Structures are given as C-alpha cells and as structure tokens.
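Pasting the structures in now, so scroll down.
Next come two complexes built around chain A: one with chain B, the other with chain C.
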Partner chain A sequence: MTPRDREHFLTLLDALCDERLDEAGHAQLEERVATDGEARTLYIDYLLLHGCLHWDAVEGGAVALPGTLAALQDDSALSRPALPAPVASGRAPGRRRWAFAGVACALLAACALWLRNGEGPQQLAGPPEGRPEGANELEAPPGGDADDDSALPRVRLRDPAATGIASTTGDDPAPGPAVPRGDLVAFIDDRLAAAWTEAGVQPSPEAADSEWLRRVHLDLAGRIPDAATVEAFLQDKNPRKRAAVVERLLNEPTFATHFATVWSNLLVGRAPERDIDRDALVQFLRDQFHRNRPWSETVGELVAAEGADHENGAANFLLAHLNNEAVPATAVTFRILLCQQVQCSQCHVHPVVKDWGQEKFWQLNAFFQQTDVVEREGRDADGGSRMVRELVSRPVGDPSYYETLGGVMRVAWPKFEGQAIEEGPEVNRRRELARLMSSGDRPQLAAAFVNRLWAQLFGRGFTAPVDDMGPHNPPTHPEILDALTEEFVQSDYDIRALVRQLCSTRLYHLSSRIIPDNEADAPDRGERPLFARMYVKPLTAEQLFDSLLATTTADRSGVGSWSEVVERRKHWLSQFYSVLDNEENGETSTFDGSLPQALVMMNGELVQEAVSGRPGTYLNAVLSASVSETEKLRRLCLSTLSREPTPLELAAFRQAVRQATRMRGAAVQSATSESLADAYWAYLNSTEFLVNR
Partner chain B sequence: MTQPPATAPSGRDGASTAPSDDFVQLFTRHQRRLYLFILAQLGRSQDAEEALQETNVVMLAKHQQFVPGTNFFAWAAQIAHYEVLKSRQRKRRDRLRFQEEFLQATTEDVQAPLDDLDLRRAALRQCLAKLRDKDRQLIEKRYRPGAVGRMEAEHLGRPANSVYQSIGRIRRTLLECIRRQLAAQPQS
Partner chain C sequence: MSLRIPSGMSRRHFLSHVSAGGAAALGATSFLSHLEAHAADVQKAQKACILIWLGGGAPTIDMWDLKPGSKNGGEFKPIATAGDRDLQICEHLPELAKVMDNMSVVRSMSTREADHNRGTYFMHTAYVPNPTVVHPTFGSVVSYELAPKRKELEIPAFISIGGGGMDPGFLGMAHAPFVVDAQGRIQNADMGSDLARLNQRLQMLEAVEDSFIRSNRGDIGKAHKEVYQKARELMTSEQMAAFRVEQERPEVRQAYGSTGFGNMLIMARRLVQTGVPFVEVRNPNGWDLHNDVFDSLRTTHLPQLDKGIAGLVNDLKAHGLFENTVVVCMGEFGRTPRINQNVGRDHWAQSWSVLIGGGGLAGGRAIGKTDADGIRIESDSYLPNDLWATVAHALRIPLDTVHQSKNGRPMRIANGGTPIKDLIS
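Let's turn to the complex of A and B:
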C-alpha cells in the first residue's frame, strides 16, 4: 500500500466505525481487505481498537476516562455482562449455588416471559402459580431451611456489579465516598474496620455506581431514580458526584416526604381505620423535616401537643394512643421514641432488666393522666359536619394506678428516668416530659433516633430488634453509637447532618454482594452484625408504590392531580394493612413477600397499567422510540433496576421474541413489543426490584 | 397448569439442565472476545451486538454440548460464526454487507490478534493516558454508552465533518501507538 492508499483506506475505516460509510466506500473497503494482506491486518487492528473502545466504554457505565482506564486495567472486568453472582443473604451458600441461582433467575425471567406469552386465559393465569415454582429455585434458603422468617428477603440476585462495572473494583483510581469526611466519619470507618479485622472478615468491594445510585434514592427520596437520572449519573465524571447526589437529595422535597412517611408509620401505623387525621400528622412531620427542625423539638411537639386533630397535626400521635388508660401511649412512647420495650413491665418487673419495675412504665404513664380527648361537633373542609377530636390538658392531673402481681394496688406519679416533676396547677405534665426526654448530654431520645436511622440506612440497628435497647441488649458497636449520639446532641439534633455523615461512611458505599471473606458476617443467622457489606433491605410498601410510579409513570396515564395520586397510594397500601386491637395499638401486614403481595405485583392494577403500554406510560415512550430493540430493553432495565441488562437477560428476551414469531406466527413488530412488555413485567416482578441493596 | 407451554426451549427444564458455575464463568469471561470476533466480520457494532446476543441464546441452549476442559472460545466461535452467517442472510437486502470470502479471510486473520487481546488492551490503556486531555474527552464522548457512530455534532458545537475528522485522527494516533507498543513486546 502506498501512503496515499493507506490514507484513503483509513478514511474508509473511519467512516465504517462512525457509521457513515456509503455503498461505494463499502465495496472499496471490502475489496481492499479481501485482496491485500496489509489492509486486512490494518482493518483488524482498527476494528479491534474500535471494538475495545466501544465495549469498555459501554461496560464501564462511565465515559469518564478513569472508568474506561479502569475497565481496561482490571482483568476481572473482562466483559460487560454481569456475572450472575447474586447478593445472598441466606445461609452460607457455596459459589456454585450462587452462579446457579443467577442462571435460575434469568431462566425464571424467561419462564415468566413464556408463561405470559401464552394465548389463552389458562396461560394468563400462569404467573401467579408459576412463581412459587420458580421461587423455589430463587428463594429457598440453601439447606432447605424454610422457616427462616428473617426480616430480610431471601434473595439470590443477579449482581450487575459482579463484573464489568469498572468502579466496583478496589483499585479504581477514584474510589470511596467523595464526601467531605469529618473526624466522626473517619472514626466510624476505623471502628468498623477494626471489628472486621478482629472477626477475620473482609469488607465487600465498593458498590458500583448503579447499585449505589438506586440505594441512595430509595434511602433519601423513598423511590428509585428514573432512567434519565441513572444515565446522567453513570456518565458524570466528577469524582465528587456521589456527594453531590446526597446533597441534592437532602434538599429535595422528597427527602422530607420520605422521612415523614417513615415516621408517621412508626408513630401511628399505616392502617387507615384509626380515628385520627393522619394526613395532618404527615403534614406536620413533613414540615418539620423540610425545615430540618431539631428532632428534640419535633418529639416535644408530639408529646406535648394540644388541640384539634386537623388544626395541630402533631396532636394526632396521642389522639391515636390515649385510649385504654393511655397504656398504648406509654408503650409507644417508649418503644418508638426511646427504643425501649417496657410494655411487659406494665404487669410485672422486666424479666431481664430488674431495674425496670412496673413503676417505670406507670410513672411515664402518669404524664398522660392530665389529658383528655374531647370530642365535639365540627366542620370539615366542605362545610359538612364531622366529629372533631381534641387534646385538652386539665389544670391538675391524676396519678396512675396499677396492680402488682401480688394483687396490691399501687399509685404512680410522673417520673422520667428517676426525675420527678413538681405538681401544681401551673405544671403541664406532658411539657415537662418533653423537657426531660431531651435533657442530659446523652438522652436516650437521641440514641434511639441514631439507632433507628442507622437501621434505616444500613439494614440492621446497633441492637436487634432496633427498638429494644437497654442493659439486657448491648449494642454491637457501642463506641460508634455513642459518638453519633454525642454528635447528634451537640448539633442540636440536626437530622440532615446526621444523614449526611452516615452517607459519607465507607460502609454506605460498599456493595451488598457477599464475598467468601465475609460470609461469616451473617446477621440472618443470629450472628452479631459486622457491617462488612451493605445488607439488603426489603422495600417498604411506600417505596415500592412510589418506585412503581417513578419507573412506569403509570400515574400520568391514569389519574391527574397529585392529590389523586396520594389517594391512590393510600388505597393501594390499605390492601396490605389492618389494625390489631391489642394493648400497643399494633397492626398486621401482608406486605411481607407473601402471596397477597406477590399477587398485587403480578396482577395488580398498577402493574397492569404499567405494562399496558397505553399513552403516557413509560413503556409507551420506550416502545415508540426509534432505537434498536436491545436499546429498548436496556432503557426498561435502567428504569426499573438502575442498571444495564445482563447478557442472560438479553438472551432470554431474544428467545421470547423468537418464540413468539416462530411458534405463534406473530408479526415481528408486535412480537417485539409484546416481549418488551413481558420483559418489563418480569423486571418489575423480579426480586431485585423488590429490594434495596 | 403450571407447566410452561410445550414450546418452551429446553433451557428451563430445571436444575438438571442449568449451566454449571464453570460454564457461566467461561460464558461471561468470553463475551468481549466474542464481540470483537463478530465485529471483525460484520463491521458494524450494532449488528455485532445483535449477533452476539443470538450467539448467547444458542450457547445457553446448547451448553451441555460444551466439553469441559476443551477450548471454550473455539467452541463459542463456531457458534458465533454460524450466527454471523445467519445475520448476513437476514440482511440479504442490505447493501452494506460483506461477502462470504471477506468473512472467511477475516475470521482466520482475526484469531491471532485476539490471542493478544490482553496485550492490546494494556497498550490501549497506556495510549489513552498519553492523549491530550481534549482529545481524550472527545473520544470519551464518542464512545459514551448509548452513543452511536453518527454523532450529533450539534452537541459538540462543531460542524459534523470536523468532529469526525478529529475522532479519526485520534483513533489513528491510538492505532499507531498500540502498534508501536505491540512491536516493542517480545513475541509470544
């Protein structure tokens, strides 16, 4: 080849790579390659270069050169597809099992496609029945231990982070949380690492960007990110992009909404039957979180609230629990706000903590014995009449009376952690309680909030159960709990600052994937949690609903206004929860991965709407985009699981399309659309969608 | 009723036919190599990705035919080659499709370079690091996920032709750099 020939040939190669080659050029290129050995070598070298750039960039999920470089550097990142190594939270699965489960997972998805591809009503009924069958492959804890009712889902997930995503590897040039790290964060990292060393475990590698982004959205916004957010984040090459996301999410209204949801569920439960203005309570909490009011203030307003249900949202907490001599109010105040379980000492001395006698319970109870719930006729928003309930404090309160096991009647006056209050007409007992709860340099109120937030973000509290703190149940990492509590109090109960700190820890950026070196970190088996990886958290019902809306935009096709969406969410949730008539005003839920939940996911209106492809749905937008079918599947996967589809999934998808065209003679176009809808359905019903890892 | 339709491929028959852990690992590890193998024959990355997916379907369905201990890539490449031929057939009307002789020639000649793939990737890594920042950013934009060859030049605020020229220039720089690096390596 003369230099001129070579130059011309390279121009052809460029056009080929950039998809600008015309017919004549194509013929020239082909002729050259076929007849000239030198040109052929050049062609191959050039195409391999082009292919590597293409593959590694796509694979890296990040255009950032560090990503590309890391992908090239790391031999474990040999391919874009995810190794189907699952996130396992079950019992010591061997590697073989993981891989198998990953395949089984893909096959289940494929199976679901075929089942739904059937023609008759018979096949339409397939998925619900087919699922348990597949679920065995997926979910049965190894060893056949079926009664493991751990709160964590029994999942075997495909893990997109297993390979291919460059930033998963420890030698990524810019690893770790790029959040300003105060001393406290360094201290937490250090203490956790010390515990790992002591127990002889290794932390899991850093979470891939896609895994982390989905996690932080679920944790701080209560829903998954949409596909556009995922793509923008994966392409963002700012090394501090994770910190930027945390900051953005902290300042979005969804943060306040999500935390208000979490706390109203804790305070009054989800069941709609209670005779309170639940919306007003949510509104009150949202406002407090939005303005980042100190947690001690929020609790004070809840405990000392006066007034009518719709006028003072905070009042609804006690309106819900002052029944039955304020026994529920006492138990809930202890358990929810202080993470102490003293309800048993209502009748007898605490079985383990002998210091917690009956008087502890009844002395707190006595704080509520100055308050009446008054019912009066009032007006609702539309001018109709309704019963208004109101908290009213009397000038003078009563003591609490209780009976010991020996049948002796005792009297208790208000006392909190040994501190009595003055009695008199000027004294409002509940205001005194609010003051006492946040006094001292390490109030239990602060430790309880820290413990709950830790559990909310990391899947396990410092104690198990999270709401059973006390001398009988020492925390797993007392020094971390103490340091965080101290900081929380010193910051005047600054919730956002606390969240920011926890999101800056190394732990928050670890993958949830189990590695052989931390299989021993198995809180599911009752071991003390070591936090050597991110534990997988099941989605709450609200997270699931909001995520379904986020991914499907089904709301936009069905109903209009935001308030309608809220109503719809309430209605949707109501199918899972009902009130229990017990002394703690508890409630029962079927939102626990059981059959009713599965049925709502598989056949429920919302999911049906989402996969209908009607105008306004996300699926409709994807189907009508003029991109390849692989790209369409990719978008569906990004929007549901915040990651790229695996080759196994792509293969299953293609097989389904082929099945539809060959076996049923469907037209390619409609078979593709149908299969995309089915794949979408399978993604929405995958275990991976149902958890926050 | 819980049985899948009779037409369901053999792949889902249950535990006995699920690919082994080793198989899945090999399968996964060879994706890049297969993609490049196919790309050399088809020329266009989108076609290559499609053919790769078809190949994957077949490999999974026929995983039992693979004899452990034998050369996985050789086995996979046979399937891939067949899928490439099928892809050509499907695109019979496509004017931009290579002739069969072309396929034969490239199939043979691409094998040796693929054996050096790790070296090539290492070289590419070093060469990328040597690029000027501006050039590297352009290449990143061109190869960002989801990007297609026909770049939307307006995104870069430059005439399309000049963008293509720049990318071509940078790619050639990389090519020469890689070739120099490979030449400096002791022959394997």
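Let's turn to the complex of A and C:
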C-alpha cells in the first residue's frame, strides 16, 4: 500500500467506525480487504482497537464498573451529561454504539479466526479483564454521584479506639470553653462547625475514598500510594478502613522520613551549598520521629547540641546558623521553632508589638554566646581529609552587645520570656534555654508545633503567615489552637497522637471541592480561613520527587541502591533552590509552579525515563500486561492520580489513538503504546498530579 | 483557550512552511525579510527596563552619596563625573563616572523597611507586606501590561538572571519571572521528541486539565495551563538564542569587565534587543556588609559593578537601545551611616540612594539631598512607589492603570506613586 492508499483506507475505516460510511465506501472497503493482505491486517487491528475503545468508552464511565469503582470516580458527576445514558434507560446513541462495538468484535473474532488460524487476540474472548460479563445489565451505577455519601461506606470519624483517646462522654457533643478530656476531636469538629454556622457557610461533602487515600499518603508518607494500594483500599469493605490506613502509615518508616524532610527543610533549608552535614541532621530527625520521641526532647537536643557535624546530627542546626554573631541562630530559633518573627527587633522595637523590644532578640541571642564553632582536620567516609566542624561550649559565656537606634550600646544577658538563668561555670546556657523553652503548661514551643502541623495537614495555619504568631496576629480559631496545645503538652509532646487526632477530625475527611455554599471560604483571596473544606495543597518538591518515583518505579528501573536514589533526589532538588546572601541565611526557590518547574516536568530526565517504556519502568509493565487498552489507561491513572480516568480523558485517549494511526502512519499497536505513553505524560504533567487535593 | 494551538505561528514554523513550498515561496521570503527589517525598527522603539539588584542592601553612602569630612564618611573619596557638578560618586567607580551624564542618582530614598524580606518585597512591589494579599513584583506588572502587546515575543516577558523568588502575586503565574542562571542555561528546554508528539501530549493534557478544572477546586488549574502554553512556545522558539552570551565577540565581553556579572548584563541587553520588556539582573556579590565594608567594596564589589554598568550603558547606546531602556540599580535598603565596631554598616532605610537612567529619563543629575552625616533627608523624599511610577512613565504604561487583587480590591500601579519630577523633565 502506498502512503496515499493507506491514508484513503484509514479514512474509510474512520467513517466506518463513525457509522457514516456510504454504500460506495463499503464496497471499496470490502474490495481492499478481500484483495490486499496488508489492508486486511490493518483492518483487523484498527477495528479491534476501536471495538475495544468503544466498548470501554460506553461501558467504562458508567456501567461496567462495579459499584465501588464507580463511586470512586468522583469527577464523573460533572461530566456525566456528555455520556450516553446507562443501558437501562435505553437511549438510542448509547445502545447503537454498544451494539456496534459488539458487532465489530464478533466480526473481528470471525476474521481473526480465519486469518490467524485460531490465534485471535485474547481480548476478544470476552470483556476486558476484571469486568464480569453481563455485569452491566445487572448493575446500574448506584446513585451516580460519587460524592454522594450513600454510595460510600460511612467512616466513623470519631472512633475512640481509632483515635487513641479514651472517651468519657460518648457521642454527646460537649461544647463550651472547657474541653472535656478525651474528646478533643469532637471539640474541634464542634468549634469548626460553629464557625461555619456563624459565617453562613456549609462544609463540603465528605471526600471520596480515592481522594482521601491519596491525601493521607501524601500527608503522612510524603508520596502518593501505588496503584495496588489504591485498588485494595477501594475494594476494602471494612467501615474502619480509613482509621486503619492512618495507623498503618503512622507506623511505617516513611512517616519518620517524611517528617524528617519537612523539619530539616525548616531548620537548615534545602540549598545544598551550606557547610554542614545535612544527612546527619536528617538521620537524627528521622530517628527521633521514628521512635516518636517528645518534640520538646528533639528541640532540646537541637538547641543544646555539642560535638562534630557527622557525630551528632543535631549539631548541624546550629552549625548552620551560628555565623554572624549568632544572629541567624536567634532569628531562626524564634521563627522556626517558636513561630515568632522578631528578626526586625534586632535593630528596633517590633513595629506592632511594643513589648517586643530589642532586648527580646538579644537576650535570646546571648544564650548562644557561650558556644564556638571549632574547625579541625578530619576524615570523610572515603578516608579523604575534610574540614570537620564542631560545636564547643566554653565554661563561661559572653553577653550580647547591641546598639539602639539612638546609637547607644547595650548589653544583654540570657533571658527567655522574662526568665533569667544563673551564671556560673557549671551552667550551660543552651541547656538552660532548652529547659525554658518547654516549661509551663502552654509553652509557645507547643503552640508553634501545633500551628505548623495544622498548616501542614489542612493547608493553612491558624495564623497567616504560619510563623508569625503573637498578640498582633490573633489566630483564626484560638480555642482549637489552645485545646490542641494543652493536649500536646499533657501527652508529653506526643507527635503521633497529635497527627492521629488531626486525621480523625471531620475536616480531614472533607472533600476539597468548592461548593456554592462555601465559596465565601476563600483564604486565597485573603479571607480568614474557615476550614469548610480541605484546601488544595501544592506538593513540596520532595513530595513531587518521591511521588514520581512511586508511580514510575524509576527507583527500581535505574541504578538501584537507596543511597543513589537519595543522591538523585538531592541533585533534582538542587535545581530549584539556592541560598540568599544575607544574615538570616535565607534561600530562594523556583519550585513555585512557574516555567522552570513546568520544564522539569515536561522534559526532565525523570519524566522522560518514566514515559520511555523501557524495561523496568511501570509503563513497561502496564504496556505488556494482557489487558484491554482502556484498562491500561485506567492503571496509569490510578498510579498517578489515584482515581479512574474521566469520560473526558477516555474520549481524548481514543481520539489520540486515532490520530496517531492516521496522521503519523504508525502501526496500530505502536500507536496505542505511544498514546498510552502520552497519556501517562499528561497525567504526570497535570495540575492534579502536582497538588494534594 | 487551547493548549496545543500556538497563539501565533512562530517565525521558524513560517519559514519551514515557506521552504517546503519551493518556488512559490520566493515572493513570501522577500516579504518576510522586509517584515524582519521593519520588526528591527519596531523593536528599537520598544520600551524596556533592566533592574540591577544589589541583594543584601548596598552601602550607598559609600557609592553614590559620599560624606567626606563626616565621622560617617568612611574610607573613600568622591570624584567628579561627566554629569552635573554636584553628581560626584565613589573613587572606585571611575568607568561609571565617565558615563554619568546618562545616569542620575536619587539621593533621598526613604523606605521604612529595614528587614531583608520586607525590604526586598517593598522595593520590588511598592507595597508593604500584607498577609492577606500577595502584590506583584514590578517586573510582573510590566509583563502583564506589555506582553500582550508584543505578539512576536516568544520567550517570557519578565526574565530574572541569577535570581528568583519574587512573586507575580495576584497577576498570576504566567507573569512570574523566568529565572535563568548566570550563564543563561535553560534546563530542560529540550523536548527530546518532535513537535507533533508534543502536541499529541498537550492535547491529552488538556483533557486531564479540563477534568480538574471542572471538579471546582480553585483557579490553580488555570494558571497551570497558561504556564504550559508559555513553555511550549519557549521550547520551539529561536529567540532562545538571546541567552547565548558566548555568541558575543570577546571585545564586547571585555567592555563589560569580563566578569560573571558583566556577562549577565550582556544577556540583559540581548534580551531587551529581542523585545523582552523587563529583565532583572541579580548582582552575584552579597551586599549585606555588616563587616569589613570598605575592603569588600574596594576589592570586589565596586570594580565589577563599575565596569559592568558602564559597559551596559555604552553598549545600549551603541545599539540605539538606551533611549528606550530604563536602567535601575538598587538593593532592598541602604546601610547605616554610622560605621559599626566591625568596620561594617548595618541595615538602613531612612536615607539612601538609587542609580537610575535611560529610557528617556534625565541623566547627569543628583536628585534629593541628605545632611552632612547622611542621616537625615533635607529635600523631598521618595518611596519605591515614586521610583516605579517613574519607570512606568518611561515605559508608557499609564499611571492610572488599576489592577485587581484576588479579593477584588483595586490596586493602583506603583501603589499610586508620582513620577520623580527631576527625572522626567
């Protein structure tokens, strides 16, 4: 066949598929198929493909999915009008297409038998794998709308056993200023609901299982679930399955790794240029989170650390910030660990909080004036020589000196929140600071952690910015912040318990979909957040990288070892972050949804490898599975977005396969593989992949 | 809005079609070269701004407004320049002194914000930070106003060389600075497949994006779409050659001082030549000079700055671009007149200077005045609002332009600032 013949022949086939082929066309088609072997093969491949695609497009969105799967397809409701109605309603287009697909398949089966002597493609033997024959007639989709609660197994959100809180009051709501011990989650739900009522908004409906599962994995494990995990969860009928997932994730090593990532970024930033052993710090944090050590203890070890960078991981926090007379260490301790912005009061009284004078800054600074950073020759892991940096406390410390705006020199001695410490050779100032930071029944240290964790899980803090707490910036829900802080302190800073509680709130299970009744809840527009839905959170660079690895199994396809993966991640991150040259050791990032990030996703090595289909990649495994093309697309979608493809996506996919066959003259088999790779690329490049919804 | 169809056929595509057409294309080719010649004229008349950013806050009292005889005066002497008699600058800026008839110094900036982040925000946006709204950095404002009028521009209208971090705010990610490193390397711009394949992928992406947008989860999806459109355009554009400073002759690079900073400025000139209306160049030196301010200035900071900016002014003039290109050089604040115990200067926003010129603004002038110790302003004082209003005026962006923040609040361009009279008359 010449290219022109081929083009003409494909036009005829297209027309046939669209049921607009006239008599003359039919005759032409018949003649070619009868006389030309190449045309015959093309005819079979093409019709087989379109038969399957039609089959799945008609069935896939609405009918053939078992109930639970249809339920997870939470976006289908909006696109539904575009779909042919379910078979039961008997609307003509749907039935005709369906019938056409069936006829095409039957015809093809016959052809295939004739041509290939019994080696007909397996797809013809029945409907695609996993779809019981006849299921479509028996089961109409339940209710249609996936956000409809009735279609979902109800999750008991306040399950005392699951939350680990001993309930004394049962299910009775007990509002009021005093929080009944043990029903903190109910209290939070109640206070949030009261604020909704007051503001005249309604909460969004409960999140579908697929939405929630992806969310909880990103929040607690730092990456998306793989396709198998999604499938298993959707099939699971256990009404307490969500609580079980939270429990499982809290105890997996990924929880500690993820939280160590979050906190090492806060403590020393991501830019690789700093002169510290960042890995040792991460290792220290991971170990603390893994053993669920009290947060006050972790902070104490960071603040009071002694020793060399590689021997005591905690020392790297201060090794990074003791430059410039410990001004960065002071500012970072306030901003990161206490969520207070006092860096401007190093030169003058805080512009708004008049009580925060210069002495507040310099009195904290004085705690660091007993410590030297000592450099000495040492060995690195490969036996080479390198400069080792070490924190060493002197027996006696100096005061801090500062200058007022009027040019008067002042002296500051260590003092934290008005409490001075004794001076003497036995006193280690930083150990004293660690003690003072966690003393009292509601220390700012605890409130700051609660505020940060709330922001991490719910997309917004009680204050905006999250690290600017103080009398000038009252929290949105003071009573919730206060109750959580109190509970956190009483539990001896038990981080896992706190996460468990927040994941048990009603809010954590709400959809992120905006409904007309909560459009007014718009922190994007500068309004105070009401938390009437889960806010969409952009993925961090690490979440994105780890999710890319999770979906593409690039970690298993390329060079294998874990340390190589870690190196690769560092290298990948380094393209987004660089240090700013100022005394707060700040840094700047292009990981902000702008062009460089888009280019990384479109053309970067990792994505290119993922869509290459090379052996060992997830795409390769999907392509070589003997399942229908639509099932392949579905697997790609599950592994990236944790949901079913929408009808819109199915239609676009079908269109793409056609185009690839037509325009590019590709063989049908390679056209579908190409289109699947393109679809995979599209899923990885989508907004939805880049956010935690 | 469709992802896969480019907003305008790029020149390269047009050319490839033309050459495929063979003989019939002859007429079209000559027509095209005519168009091109015309386009070069048009581009010369196109307004632009180059912002040279001295991150950390430069000690302008040692650079543009010296105080000989004062206890705050420091180690450097002022020298005469090609500008007005009272426009004297630091002795370590000799090349720049020769071209100061083109540039002016505003010596009475008073900007309140003396914290790095707040100052950087204020000087870039003309608004003080506010937790309920993110204001656009001025480069994004220029991109928003001028990009739609430059159909032939295929690369982003706001490019930041060696920097980053500034936010387009409520104007949207499509107007974010496109950040490139000091060498102009654009990572991942090679698509590794052909255009047809890219279009196929974008077509599929469109379906996925539409599905997400329909799910009603806010406007993040819309911004994403715009950014991808830009990426597609950029990946297939010949204008990317503007980033290739190595294409310049060695003499040109020497004229800018043969430094990394000089190369960044050459890139800025090439970008302006291509039609980019706003380029920010981040000076690679750290200016947060709490210690040893004079040594640092004398040995590294000033010599590089001197040759670089003088080279830029001369080169822009040689290309006929200077009359349409505003050059601004500043950081987030100045530094304390008083010299501290570490022979450094600390943060100071009450009285400091900015270098500005080109784009039709008056050159050679010293505008505003500080007292003998550099502490108090003895003339009208200026805010970033006034500075950016001056730039807007030079770029012919109407000063009554009002943008809308996400919560519907009207935001006047340059926060309602007034152009600095002595620069525009």
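Quick note on the criterion: the second predicted complex is superposed on the first by the 511 of 693 C-alpha atoms of A that agree within 3 Å, B and C clash if a C-alpha of one lies under 4 Å from a C-alpha of the other, contacts with A are read in each partner's own complex, and residues count from 1 in each chain.
As a working rule, a residue touches a chain if its C-beta (ideal position, glycine included) is under 8 Å from a C-beta of that chain, and two chains touch if they have at least 3 such contacts.
The model shown is predicted, which means the values in this text are computed figures rather than measured ones.
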Exercise for review: Could you tell me if A:G424 is touching chain B, chain C, both of them or neither one (first, second, both, neither)?
Suggested key: neither
Check your understanding: First (chain B), second (chain C), both or neither: which does A:V33 touch?
Key -> first
Review point. Regarding the shared-chain residue A:E403, is it in contact with chain B (first), chain C (second), both, or neither?
Key: second
Practice item. For A:A651, decide between first (touching chain B), second (touching chain C), both and neither. Key: both
Practice item. Check the residue A:R525 against both partner chains and state whether it touches chain B (first), chain C (second), both, or neither. Key: second
Exercise for review: May I ask you to decide whether A:L234 touches chain B, chain C, both, or neither, giving the answer as first, second, both or neither?
Suggested key: first
Review point. Does chain B (first) or chain C (second) touch A:G604, or do both, or does neither?
Key: second
Review point. Does chain B (first) or chain C (second) touch A:P3, or do both, or does neither?
Key: neither
Review point. Between chain B (first) and chain C (second), which does A:G384 come into contact with in this model arrangement: first, second, both, or neither?
Key: neither
Check your understanding: Once the two structures are fitted together, what part of chain A is touched by chain B and by chain C alike?
Key -> 75, 78-79, 648, 651, 655, 659, 663
**Study point:** Footprint of chain B on chain A - complex, ascending
**Key:** 10-11, 14, 16-21, 23, 26, 30, 33-34, 40-41, 43-58, 60-61, 63-65, 68-69, 72-73, 75, 78-84, 95-96, 98-100, 102-104, 107, 110-111, 114-115, 117-118, 122-123, 125-126, 129-130, 133, 137, 163, 231, 234-235, 237, 628, 630-631, 634, 647-648, 650-651, 654-655, 658-659, 663
**Study point:** Complex interface listing, chain B residues touching chain A
**Key:** 1-2, 4-5, 7-9, 11-12, 14-15, 18-21, 24-25, 27-32, 35-36, 39-40, 43-46, 48-50, 52-54, 56-57, 60-61, 95-96, 98-99, 101-102, 105-106, 109-110, 113-114, 117-118, 120-122, 124-125, 128-129, 136, 139-151, 164, 167-168, 171-172, 174-175, 178-179
Review point. Which bits of chain C are touching chain A when the two form their complex?
Key: 55-56, 114-118, 131-133, 156, 163-165, 167-168, 173, 176-179, 186-192, 196-197, 200-212, 214-221, 223-224, 227-228, 230-231, 234-235, 285-288, 290, 338, 340, 346-347, 405-408
Check your understanding: If you look only at chain A, which of its residues touch chain C in the complex?
Key -> 74-75, 78-79, 324, 343-344, 347-348, 403, 407, 464-465, 468, 473, 512-515, 522, 524-527, 536, 538, 575, 578, 580-584, 586, 588-590, 592-596, 598-600, 602-604, 608, 646, 648-649, 651-653, 655-656, 659-660, 663-664, 674-675, 678-679, 681-683, 685-688, 690-691, 693
